[in-house]
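The structure appears below as C-alpha cells.
Here the chain labels run A, B, C and D in written order, and each chain numbers its own residues starting at 1.
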Amino acid sequence: MKAKEFNIKWGMVIDLDKCTGCGACMTACQVENNIAPMVDASNKLRTLSWMLVYELSNKKAAPDAEIAYLPRPCMQCGNPACVPVCPVVATDKNEEGGIVSQIYPRCIGCRYCMAACPYHARYFNWEDPVFPKGMEKALSPNTSARPRGVVEKCNFCHTRLMKAKDKARQEGGNPEALADGAYMPACVEVCPTGAITFGDLKNPEHKVHELAKNENAFRLLEKLGLAPQVYYMSKREWVRKLGDNYAATGKAGAAKKHS
Amino acid sequence: MKTQFSVAKFDQKLQERWGEVMEEKKQCKGCGGALPFVIGFVAAVIAGWVLFPDLIYSKKTQPIRFSHKVHQEQGMECSSCHTFRDDGSYAGLPTNEKCMECHADVVGSDPDEAKYVEQYAKTGKEVPWLVYQYQPDNVIFSHKAHESFECKSCHPDMSKNDTPPVYYQNRLSGYSKQTMKMWQCERCHAENGVSNACHVCHK
Amino acid sequence: MDRALFPEGVERCSFGKFALWMGFITAFFLFGLFAMLLIFYKGIVVTGLDNYFGFGLWITFDLAVIALGAGAFFTGFLKYILRIKQLENIINLTVIVGFICYSGAMLVLTMDIGQPIRAWFGYWHPNVHSMLTEVIFCITCYCLVLIIEYVPLILEQKQLNKIPFLHHLAHNMHVNMALFAGIGAFLSTFHQGSLGGMYGVLIGRPYAFREGFFIWPWTFFLFVLSAVGCGPIFTVLVCTFMEKLTGRKLVDFKTKALMGKIAGTMLTVYIFFKILDTWAWANNYLPSVGMTFDQMFYGVIYGKWLMFTEIILCGLVPAIMLITPSIRNNPTMLYTAGILDCIGVTLNRYLFTVQAIAIPVLPFDSWQTYAPNWAEWATSGMIVAYGFLVMSLSYRYLPVFPQERMLNK
Amino acid sequence: MGLDRRGFVKFVVGGVAGTLFTPVIWQGLDDASIWSQNWGWIPRVPKGEVKTKSALSKLCPSGCAVKVKVIEGKPFAAVGNAANPMSKGGVCPICAGGAQLLYSPARVKSPMKKVGEGKFEAIKWEDAEALLVEKLTPLKGQEGKIAAISGDETGSANEVLSALLSGLGNAGGFAVMPGEMYTATRGVKLMGGNGQPGFDIEGADLVLMIGADALDSWGTSVANLKAFAASHPTGGAATAQYIYAGPTLNNTASVCDKWLAVPPTATATFSLALAHALIEAGAVSSAADFAEYKALAAKAAAGFEAATGLKAEALKELAAKIKAAKAPLVVAGASFGQGAGALDFVAAASLNVLLGRVGQKGGMTVLGAAPKAIASAADRENAKDAASLLAQVATGKAAPAALLIYEANPAYALPQAAEMAKAMGNIAFKVSFSTYMDETAALADLILPAPHPYERYDDAMNPYGVAKATYLAGKPVLKQPVLDVKDPVDVLLAAAGKLGLSLGFETYADVIKAKAKALGADFDALAAGGIWNGEPKGGALSLGAGALAKAAPAAADEKAVALAPVTRLAYGSATLATPPANLLNVRDTELKGKDLFVQLNAATAKKLGVAEGNKVKLSAGGAEVKALVHVNEGVAANTAAILLGFGRSAWDEFTKGKGDNVYKILTVSDEAGTGLKVWAGSTVTVAKV
C-alpha cells in the first residue's frame, strides 16, 4: 500500500543531548490523557506509557560510561506498520498532519497493531481505569477514558490540535496553517529543557523543518522504512548508532529520506 | 443386573419414542400448515417495531419547562445564549450566570420561571439540562468549524418550541434518541469533501 | 442402551463406559469453561499476555489447529474435484476434524480479543488492507462450509435418516458436495495464506517480514503449503489414535499411506521453498536492514535450536520419510513422520507468533520472555476437550467410517 | 385447537424469522457495542470552559511557579508559567502532576486525634484547635518544653513558628529539617562570609557541579535546567560546558560533557585535589590563607587516586578546561541534597574563591539576610537542625513536652530514621501539620491537615541555589479546599492569640502580604506568577583553609563501601512520597515489585562477590536495608547507589511497603571542626542473603 502524502506533517525533533530523563513528559502525558495511576507501575509489561523514557547506555565501564535518555512517543510513521493490519479501521493515517489515529470505541482489542509496532508505542488496556477515590475529578477534558480491552497510543495530544484550529478560526486565522507553537502536545509544553521541538515538518516557518535536516538528526529504525515523523538528534555518535545502526545510509547523518 | 435391566428398558423406550416421532409426523402432515409460522412472524414483527422502542427508551422531561419560543419572541437569537468563548470553544448551554442576567429574580408569571429562580438561581446550582444532541466522551465536536451552517441543519428548530420535547434515553447505550449517529456525521463530511479521518471527530 | 442410535452394523462400547469417558473429558472442558468465563468477566488481564506479547499461546494454538485442520479442505479438494476415489474412506473424518479445528479457533479468537461484544465490527467495519480481515471473513465462511459438509453426515445418523425429508436433504447435499468442496478449497487456501500473510506484512518485525508476489508476502504461500503438508497426515494420526483407543479398525492402511503420500509430497515442496526462503531471509533481507541472523535468537528459550528443529528435524526429515515409499508403507514410520510433521508446522506457527515479537527490534531494547499461564492453557485445553467430545459423539453415533464394517468383520 | 409441538416449533421459527425484519437484533447489537464504549464504571471526562490560574506549587523543594489548568473550577493539569522569570515556563515532574495530588489517597482528610497505637479518630477543627491550646498552655514560658521542626526551607511560616516559640519562651526550640541551605550557610561562615550562597549558573560558561545534582534534584532545578537549555540551543553549538563530579551517572550527569565518578566519601578530597591541579596550572589567590590552602590541596592531591578511584590525568584535563573557560563556576552540593558537612561545601566553594569567581557574573554569590515580616522571628541560619534536636531528645539532653511538626517528616527523612522515630516517642504531645498521612503524622498525637499548594497562600524566599535574592508568592487556586483542611499558619496564629500572644497577624495571607511589602514587592503581581529579585552580592570570602585543616581523614574500611543515596526529583522528596502519577517514571532497574535495586559497578560487585539479581542486605549503624543487585557502570568505584525515598510505612497503596528506607542506614557522625551532624559519607557493608 502506498503511503499517503500530506501537506502538513506534524513532527518532533527530540534533542537527546538536552533530555535529562526527568520524566516530566511522562507525568504530563498521563495527566493530559487520563491514564490511571498503576499500583504496581514497576511491572513495565503491563503499564501504560504513551510516552516512555528509555535509558540508553554506551555499555562502557566506568569512568567511560555514558548514558542518554530517549523519550519515545508514537512515531506517527509515514508508512506505519500498525495501520494496514487493523481489521476494523480503528487506527488510521488519513488526516492532514499525518497523525496516526487510534479510536477506542472502534477497537476490538485484537492487538495485531501491537505485534506490528517495533517501537512498542502501542498499549493495551489490561484493566479498566481505576483512579484513586476523588482523583477522577481531576480528569483532563482532552481524552476520553478508555475501557479495558482496547489499544491506545500517543496521538500528539490531537485534541490540542483541534482546539488550536478552533482558536485560529475564532481569531480569523487559517486553521490549516497554524503558527509555530500554536499547537503543541503536553510533553513538549512541559519539558523543562525544551528538548522536544514540535511543529510542521513541511512548513519552513516551523523550527522542526530545519532541525529535522540537521546532520545529527536521525530516526529510530530508519532501515525498516517506517518513515517516522519523530526525529532525534544527538552530537554523541554512540547515541545515533543506537538509534538506527546507520543501516539505511551506511554512515551517520548522511542524506535522510526526508519527506 | 439391575442396571442392565434398566438400560434395556431405556433402550426399549427409546425405540418406542422414535416410533412415536414417526407416527406424529404422519399424523401431522398437512395439519396447521404454515399458519403457526405466519402467526409467529407477524407477532415478532409487531413486537419488534411497536413494543421494542418503548422498552429500549426511557422517557425523561427537562428539569425546567424552558420555552425557546418565549425567548425568541423577545427578539433573542440562538447566539444570544449559545455562545462561543474567546478561544473558539463553544459554551453550549448557558450557565446560571447567563440566565441570571434576566432571571436573578422572578420577572414573569410562569411557574417554571419561579421554580428556576428558587431552585437554581438562588442556590447557585446549575440546571441539569438534558442534551438532546448528547455526544459521548469519545467524540470531539467543534461548533466553530461548523459555524457556517445554520443551527437547525443539525438541531431541531427550537425557536417555535414552547414546551421542550420529551427526552428519550436508550436504556442500554445511554444515548439520547436524537444523538447524531456516526454515519450521519460521515455522510455530511463526505458530501462536503471534508475529511472523515477518525481523529477529526474522536478523542 | 443407545444401541438404536449406533451406525448400521457396528459395535460400540457400553453406555456406562462411554459416559465415564465423556465425564472425564467434560471435566477438562468445564475447567476451561471456568477460565473462559473468568476471562470474559475480568478481561484478558488474567492471562500471561503482556505489552510485549500481545500474541501468545492462543494465536499459536489457532494457527496450529487451522493448519492441522487443513486436511478437510485439501482432502475434499482431492476427493471431489480431482476425484481420487480412495479418499472417501477418510473424507468424513477430515470434515469433522476440520470443523472442530475451525469452530474451536473461532471461539479462541473471541476470547482473545479485548472487546468480544464488538467482535462483529470485523464484518461491519472491515479494513480491506488487513490480512486479519481476510482471515476473519474466510474463516467464518469456511466454518459455514464445514458445517454444510458436516450436516449431511449428521443427517445420515441411522434414526434421523429414517425421516424422508432429512434423508433427501442429506442426499442432495451430498450430490452438491463438490461445489462446497470447491468453495472450501478456495476459501481455505486464502485464509491459510492470509494467516501467513499476517506475519509476512509486519515490516517492523524482521523475523517475520518477507517480500513477496503482488500483495502477498512469501509467507502467504509457505503457510498454504505447510498447512496442506500437515493437514492430511494429522487426520491419519487422529484416525490411528481413535483406532488405538477403540480397538477397532477404522480406515485401511492403504488409504492412510495415500494420505501420507499426499502430505509428504506437499511437505517436500514446502520444505524446499522454506529452506530457500530462510536462506534468502538470512543472507539478503536481514543484512539489508542492518541485522544479523544471530540477533534473531536468544538463549535457550528463543535459541537457534528451535529453527533447526522446525526446518530440519520436523521438516526435512518427515518430508523424506513420507515421500520414500518403503518408509511410508511401514506404519510405525508413517506415524512417526506424521508426528514430526505436525510438530514442525506447529513450531513454525509458534516461532512466527512468539519469537517474532520477542525480538527487541529497537537496538536499546532487551529480550522479554513469555510463558502462557493457566488461563491460557485451560481455555486451549477446553478446545481440545471440545474436540474430543464432538469426535466421540460423532464416532459413536454417526457413520463416519465407511470401511469400518468391512474391516472389523 | 391446541398448539402441538410441531406447531410450536413453526411458531418459534416464524418468530425468529420475523425478528430479523425488526430492529431488535440489529439495534440490540449496535446498542450493546455502544454500551461497551461507554461503560458506566468508566469515569467521564469533564466538559466546560478551561481556565488557567497562577499558583506557587511548593510540591518540589524549590517550588515551581505554575499555571494550573482548571475546568468547571477543578484543577486538572499544571504547566510552567512563562511569565515567571525564574522557571521561564518550565515545570518539574512533581509539580506537573500537582492537580492529581489534590486527590492523593494519602491526604489527611480531616483533623485526627490519636486514640491508640496507630489508631486515629476524626475530630472537628474546633476540638482540634482547643486541644492544641490546652496542651500548650501549661508549657508556656517553660524554656525547652516546646519544640518545632519545620520541613519548609523557604516559607514565611518559619517566621511564624519561630516567633511563636520565642513568644512562648522557647526561642531555642525551633529546628529545621536538614537541607543544603543549612550546611552551606554554615560553610559560608567558615569562609568568613555571612549568608546563603548562590550560584549564577545562567551566566557561567563552564559549570562544574561537585555533588550537586543541579539539573534534577538540587536547588532551583527548573531554573537550572532553563539555564542549561539556553546554553545548549537545539541544533546549534553549546555555549557552556557542564561537568558533573559525583557518585552516580545520574540525570544531571547524563547530559553533561563529562562525568567524573567521585564516591561520596571523597567529595572534599576531589575538590582540594582539583584546587591543587589548578594551582599547578597557575591559579593564585590573594586570599590570606592561600599558602595554608595550597599545602592542604597538595596533600589532598596525593591521596586523590586512592580516595576516588579516578586517574590523576582526569584532574589535569579538567583543570585545563576550567583554565580555558571565561566564566567557570563550581557548584558545591551534596549528592543527595543533605547530610554533607560544611567542609565538603567549603572545599568545593573555595574553588570559586581560588578562581576569583565570587560576586562575578556567572560566579558564586552570597545572599544577605532577607527582611522579615515578623521581627521577633529568629534568623533562619540560627535554627537548630532536626537531627541534632532529636539526638538530644534520644539521650535526654533535651526534653520537650510538645513538638510542633510543620510540613516535615522527621520520623522518615532523617538519618538513622528508626532511632529518630523512637526519640519522638519520648515527646508527650506531637502535632503534625501535614498535607499527607506521612510516617511522622502516623506517630503524632494530633494531625492537623494542611492544604495542598492549590488551596493555600504560601511564599518562597531565596530557594536554595538562586544567585540573587528571590521572592515568590502564591494564592489559592481553589475557592474551597477539596478536604476539611486549614492553613497551619492560620491555626498557629489563632492558637497564639488564645495563648495570649499577639504576633500581629491573623492569617498567613497577611504575613505574606507584609513580607512582600517589606521587600517592596507587589503581592498581586507575585501571586500572578511574578517574582521579586534583589541585587546579587559578592563579599570577600576566604578559602576556608582554617576549617579545612581540621577535617578528619576518612576512615578507611576495607569491608565497607560508600553509600550513595540517589534522589530523583520525579520520585518525590523528603516531604513527599512518590506521587501516584510519577510511579510510572521509576525504572524497573530501580524498583521491581516491592524490591529496591542497589546499583554497583561491575568491579565493585565482583569485589563484594555479588552478581546481578542477587538479594543483598546493606547494613550500617545497626540497621539494614534489603535490595536486589543491579550492575550499573554509572556508579563510582567502591560505591553502592540506592534510591532514597522508598520503603514508606504510611502514605498510600502506591508507595507503602515498596522498597526500603535508606535513611535507616545513613549513619550520623560529628564533623571535625564544625560539630555539625553529617551523613553524606556513610559507608555500608554489603552481604548476600
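FYI, a residue touches a chain if its C-beta (ideal position, glycine included) is under 8 Å from a C-beta of that chain, and two chains touch if they have at least 3 such contacts.
All figures in this text were calculated on a predicted structure; none of them were measured in a lab.
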Two candidates, B-D and C-D; the one with more touching C-beta pairs is B-D
Find me the chain with the mean Cα position closest to the mean of all the protein Cα atoms on display.
A
Counting in whole Å, what is the centre-to-centre distance of subunit B and subunit C, each centre being its mean C-alpha position?
45
So, what's the distance in Å between the C-alpha centres of subunit D and subunit B?
53
Quick one: subunit C and subunit D, Cα centre-to-centre, how many Å?
60
Approximately how many whole Å separate the CA-defined centres of subunit A and subunit C?
39
Residues of subunit B touching at least two other chains
87, 89, 136-138
Among the residues of subunit D, pick out those that touch two or more other chains and give their numbers.
32, 34-37, 44-45, 47, 50
Quick check on subunit C: which residues sit in contact with 2+ other chains?
115, 118, 121
In their complex, what parts of subunit D are in touch with subunit A?
34, 36-37, 39, 41-48, 50, 71, 74-80, 90-93, 96-97, 99-100, 102-105, 215-216, 221-222, 225-226, 228-229, 232, 234-235, 249, 251-255, 259-261, 310-311, 314, 482, 568-570, 580-589, 591-593, 601-603, 633-637, 652-654
Interface with subunit D, subunit A side, in the complex: residues 13, 15, 17-24, 26-28, 30-32, 34, 37-44, 47, 49, 53, 55, 57, 59-63, 65-69, 104-105, 128-129, 131-147, 186, 189-190, 192-195, 197, 207, 210-211, 214, 216, 233
The subunit B residues in contact with subunit D across the complex are 24, 28, 31-32, 34-45, 47-49, 52-53, 56, 85, 87, 89, 91-92, 136-138, 170, 172-175
Given the complex with subunit A, which residues does subunit B contribute to the contact?
84, 86-89, 136-138, 140, 142, 144-145, 147, 195-200, 202-203
Subunit A residues within the subunit C interface of the complex
1, 44-47, 54, 56-57, 70, 79, 81, 84-89, 106-112, 114-120, 123-128, 147-151, 220-221, 223-226, 241-248
